[in-house]
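Structures for review follow.
Paired with chain B in one complex and with chain C in the other, chain A is shared by the two complexes that follow.
Right after this comes the complex of A and B.
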């Protein structure tokens, strides 16, 4: 296919194609878009990519993305340090933050246990988690990995093998999964309904 | 439910077909390779959106063309009548219309029309490897239990991950803490596995009983069929799903060392089987061809009955080549059964010579020749 394009253009199309969710058609559209926009905009885009790679790193404490040593959540004194939400990826943290509801702190595992992908506990940020929990400050841990087989397994492993043996007095909870709020029973897929039933609670 | 009209365009060896089937038994008679099985297949696809014979949808499109259409008007008693249309193309995604409303997610249209199909492949349920029987169970139970579908997907994923981990442990590639996670996978495996076993046990109990009754009648009360669930480890016949899960965890503990040495999961639904005894003998090993066919037919009639109980009206019954290997006595009883079942039935055969006259009298008989279907007598 690259023979249809001038070399530099083919190169850009090729790079776009490597991005997640981008097929050949979209890659071509994006590349042509880059050629159409004003030159300084294109430079700004390139600079942003370079900049993000040179300045962004993982927060020393929680594993979130940051351009400092410690991220803005970990340094925020208004955050409740006794409540910790464990997520698989930084993007899950961002999703949680958007709710403006959670006032505790996070711990990002940077993955879930998946033998098929060669990910065992040693590949996750579990040693860092043990360090944080042994301080005695955290009183409740919310396990917020996805409700997939791998997410469930990771949550169960953390609860049984890591958190409980370390400090049995820490309260461990798992996020509920089921019906989306404002959702229509009629339109929910069956797996969602089943899990909504499983996670039902008593009305008082 | 009743198919009142069927239209095919460029489907298999049919260029165009229009058919107005009769309400009861429809017999399609013709020589080999004329299109009898294709016609039954088209009805099955309209009900389930999938073929049991074709490995790829493209096989369904008439050679030399690029698009086939299947359409049926189906009148129902417990639900709205359905006009079901399917378009299968070489280039685009399969598309369905139900009463004119477009669907590309096939899961949304399955169940608008219900059909039970008997074809040659079903003999493998009786005489084939255990995997054939497990596939049959999964397919049938999935049709009526979303919970089972969910458990099946989760179990397969868990099993794959766990097997991978056990292999890594065997080959000493599991990493410093890899071994610790097996216990957690065990719990997942037991949770989803117990759900599957519970579903299979209940289904086989019910199906076995119905199949046994049908089987007795077709075999002229000569053969006694007993169908039993054979899980990879014994479970209490009445214990609940929690009990199965506990037993699962106990058993998996007992094979701890062996699993790590062999690098694979040794117990669970992936090793289940169904035993079919005729007069005390395993029909898989000792059954005659006619006996094996009788069992397969009985299973399908039992399935028909279960679906009727569930949806409140008889599903379509599609019987491809059901008569071969059966003696006249069994054929006679089978026809009685078809009559009693009350399903609109589509039956294919190469000759109607041995048919009981009263059955032929009441049936709609169609001759199939080179992709043309004509009503008999003309």
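Right after this comes the complex of A and C.
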């Protein structure tokens, strides 16, 4: 903790420095910003931080963040319970929700298999997934992990070692990979173009 | 800011900040190099594909203050078949992690680059991916200066196996002495560093060891040995690697669970920690 600041200010700078991507300079800037904002805004910020830590927990069904026992998606009767989208993180669920296209339910793994980092299947919410799939309600599972080595490893592991042995009648699909909207074919790499060709669709 | 071009394979990719990746490349020209690929996690990034783990590419790097910066990148081989087979993809990750533990920053060793590329090609094409991994381990140990002597006993110098050898003879690989032990000196039950080898397992390792970097087509066609032979060969080389890097490779348990699901439980040492 720097001795150039008054003690409470040094404490705040120190706390900001612990945040991801925040260095000493940014921490100082944020702390000085807090000193400039009205007192009620500072209280609101502090209360929001405390509130999120005390009320937010994982949904007992899907693993999404929620302030209830079960999240708003899992309790929504309009959701198609037979269609499940598996994502790695809660932020991926939010990205899917923003599309307004998916009307099924989710399962958040809370990570991906990353053998090189020592993250194996036992560290993910796979037991909970098995419980949900063994209910016989889910008829299709969409594997929506990122098209990275870790994401592909996780998707293949779930398909081959978990879902198929559990219930071979469940349809297993993977989100399409290929050219992004606004992408440039000239700059696309070999793997992306191979995926784009493999996942091509007939124009009608 | 000095710029330079290298041909390399991405050993590791770690997300950094909002959209960046820090990648560890093993390059032909400079050995291991770490660099930041700015914006590589954006969907339309021109660096994204080339900065993915297990991708071979041509990279233009600019010297930065603490980390070099990837300014341009072009994929040469993304090994797309690996992405369709879980066991082979797990094996490929093991190859990359293993090499990463035997090298240091900016120490060029072009043969190691050639080996990694050959290893990834083999993981795509080899008839038996487990055999490809064993061959890669032998070559990696050799290029790192730790290649075991598999043709003669490291204690008495006698050729192994003897001309009149029996199929039931028990040999060993002495992890500490870096080579084979004849039937007289092998004592797998008495010495912790003696990894037991049957006649078949020793023959299998000798056969693999006779294939250099230029023989990858032949390695790709080597059939899988019996489960017992494969298990002993795996354990002997795994223990040798553990001895050399003073820890276990993190990706080994996952690969083993897929490539050799019936493996015996004695695969990791309780005395040594996982290498960070």
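Things to note:
Here, the second predicted complex is superposed on the first by the 176 of 204 C-alpha atoms of A that agree within 3 Å, B and C clash if a C-alpha of one lies under 4 Å from a C-alpha of the other, contacts with A are read in each partner's own complex, and residues count from 1 in each chain.
To be clear about the criterion, contacts are C-beta pairs under 8 Å (C-beta built on N, C-alpha and C of every residue); 3 or more make two chains touch, one makes a residue touch a chain.
In this text the structure is predicted, and so the values were computed from the model without any measurement.
In the superposition on chain A, contact is made by A:113 with both chain B and chain C. Using the contact criterion defined above for the overlaid structures, shared-chain residue A:149 touches chain B and also reaches chain C. With both complexes placed on chain A, chain A has more residues touched by C than by the other of chain B and chain C.
Residue contacts after overlaying the shared chain place A:178 against neither chain B nor chain C.
Of the two partner chains, chain B is the only one that A:123 touches; chain C does not reach it. When both complexes are overlaid on chain A, the residue A:191 reaches chain B and chain C alike.
Shared-chain residue A:14: touches no atom of chain B or chain C.
Chain A residues 113, 115-116, 120-121, 148-150, 152-153, 156-157, 160-161, 190-191, 194 lie at the interface with chain B in one structure and with chain C in the other. Against chain A, in their complex, chain B makes its touches with residues 146-147, 149-150, 154, 157-158, 160-162, 164-165, 168, 174-178, 180-181, 183-185, 187-188. Contact residues of chain A toward chain C in the complex are 21, 113, 115-118, 120-121, 148-150, 152-153, 156-157, 160-161, 180-184, 187-192, 194.
Of all residues in chain A, only 113-116, 120-123, 126, 148-150, 152-153, 156-157, 160-161, 190-191, 193-194 touch chain B in the complex they form. Note for the complex: chain C touches chain A at residues 12-13, 17-18, 43-44, 46, 48-50, 52-55, 74-75, 77-78, 80, 83, 85-86, 89-90, 93-94, 96-97, 250-251, 253-255, 274.
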